[in-house]
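For clarity, chains are labelled A, B, C and D in written order, and residue numbers in each chain start from 1.
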Amino acid sequence: MKLRVLYFARLRERLGCAEETLDCAGSTVADLVAQLQARGGMWAEELAADQAYRVAVNQDIVALDAALSENAEVAIFPPVTGG
Amino acid sequence: MKLRVLYFARLRERLGCAEETLDCAGSTVADLVAQLQARGGMWAEELAADQAYRVAVNQDIVALDAALSENAEVAIFPPVTGG
Amino acid sequence: MKIMVQSAAFELGAEVDAMRRGRSDIGAIASFVGLARDMNDGSDVAAMTLEHYPGMTEKALAALVEEAQSRWTLLDVTLIHRVGRLLPGDPIVLVAVAGSHRGEAFAACEFIMDYLKTRAPFWKKEETPEGERWVEARASDDAAAMRWGKND
Amino acid sequence: MKIMVQSAAFELGAEVDAMRRGRSDIGAIASFVGLARDMNDGSDVAAMTLEHYPGMTEKALAALVEEAQSRWTLLDVTLIHRVGRLLPGDPIVLVAVAGSHRGEAFAACEFIMDYLKTRAPFWKKEETPEGERWVEARASDDAAAMRWGKND
């Protein structure tokens, strides 16, 4: 399915990508993360299982097993540090 | 011993007295209170054992068994309600 | 540190700005303003008068702030309490606490208010349609002060 | 209720005055201002830049305020968070909560700050003598948010 994927803060800088549109073969957030890790390099490193990052789908933070839907807005970012 | 005694708020109004200087025969706050109660009327009523009032000696809140000293400033008042 | 008992109004913004002016080590300022309400214990309140015990009041407020400073690492504290006649909507009390981090600023600010409610010699008299009445102390205020533990 | 994400500075006094203007049912306003410090994790900080996730930010802040309103009876809430480049001493975030009584105003104000620290999509990047660095999330912030109990 088609997804809009956004990256923020340290992840945006490390991955060299703020936003992309892609086709995801799977149906969950974990499937998307696996697909991105498969790109290798920084993608494999930054999205490794032991890295702390958060995923939001349509602007709500979700767990890795959350389902994706066509044209969803997915965001991947480090733990937040505002306030 | 000689004491300066102050009354505040509801107690000041009920007793009709804001401040007085008196001679106290005893040596503790309880002795002073007993002496005031002995005046009868409002004094006996307002300073009865089941009434909620506070006593400060030289501007520190103390218990009834606290000692008095010559020329101490004693204040008797209802529980505080500021803030 | 600033502690004031006054009949004049105060400005929260001005007080907090004065705390942080010229410094950049403060990370958190927790503040509280208590206001006179138009309603209390089921009666309309047209106005209230705050009586206090001059001399002891300043001493009691200083003791509250000292106690807070002994419990938490604070960078500055401002405490202002008004006396005299106040109308509904008027600010009565201001507490502002500056710290490096928010946890201690929040805790100290609430602690000072809780202790003030049971230890500082102020008394409120309300003007209601049924006449004037002295406000009674609340058990909930004693309970709020108790949760900080004994320290006498 | 007022929720803002903005690069402009805010005025605590003006925000709190706006909450209480024309009303006399508010008994307590608890507020918090978070400020940029000149020092963090042992390094001098010359400036910081706050990045956020436009769209989600507003949604997350509204959810925090709604959650607070479901837990306590509140009369008004103002929440302002700045983004962009800030210097030491600059205010970053403001939370002000109006209630009938102080207990709920204090609790809701601290709750909103604790949840904001772990749930609102803001990220800080600091300029230090060693170069730029992204601020790492603190375990203490997770712990502070956890004490309010699970609600997901």
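In the analysis below, a residue touches a chain if its C-beta (ideal position, glycine included) is under 8 Å from a C-beta of that chain, and two chains touch if they have at least 3 such contacts.
No experiment lies behind these values; they were computed from the predicted model shown.
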Assembly fragments, chain C aside and the remaining chains unmoved: A, D | B
item	value
Longest centre-to-centre distance from chain C, chain (CA-based)	A
CA centroid of chain A to CA centroid of chain D, Å	26
Separation of chain B from chain D, taking each centre as the mean of its C-alpha atoms, in whole Å	48
Junction residues of chain B, two or more chains touched	none
Chain D: positions in contact with at least two other chains	34, 113
Chains grouped in pairs wherever the two touch, ordered by label	A-D, B-C, C-D
Residues of chain D touching chain A in the complex	34, 50-53, 55-56, 59-60, 81, 92-93, 113, 116-125, 134-138
Contacting residues of chain B [partner chain C, same complex]	6, 8-10, 52, 56, 59-61, 75, 77-83
Touching residues on chain D, where the partner in the complex is chain C	11-14, 16-17, 20, 23-39, 87-89, 100, 102-103, 105-106, 109-110, 113, 140, 144
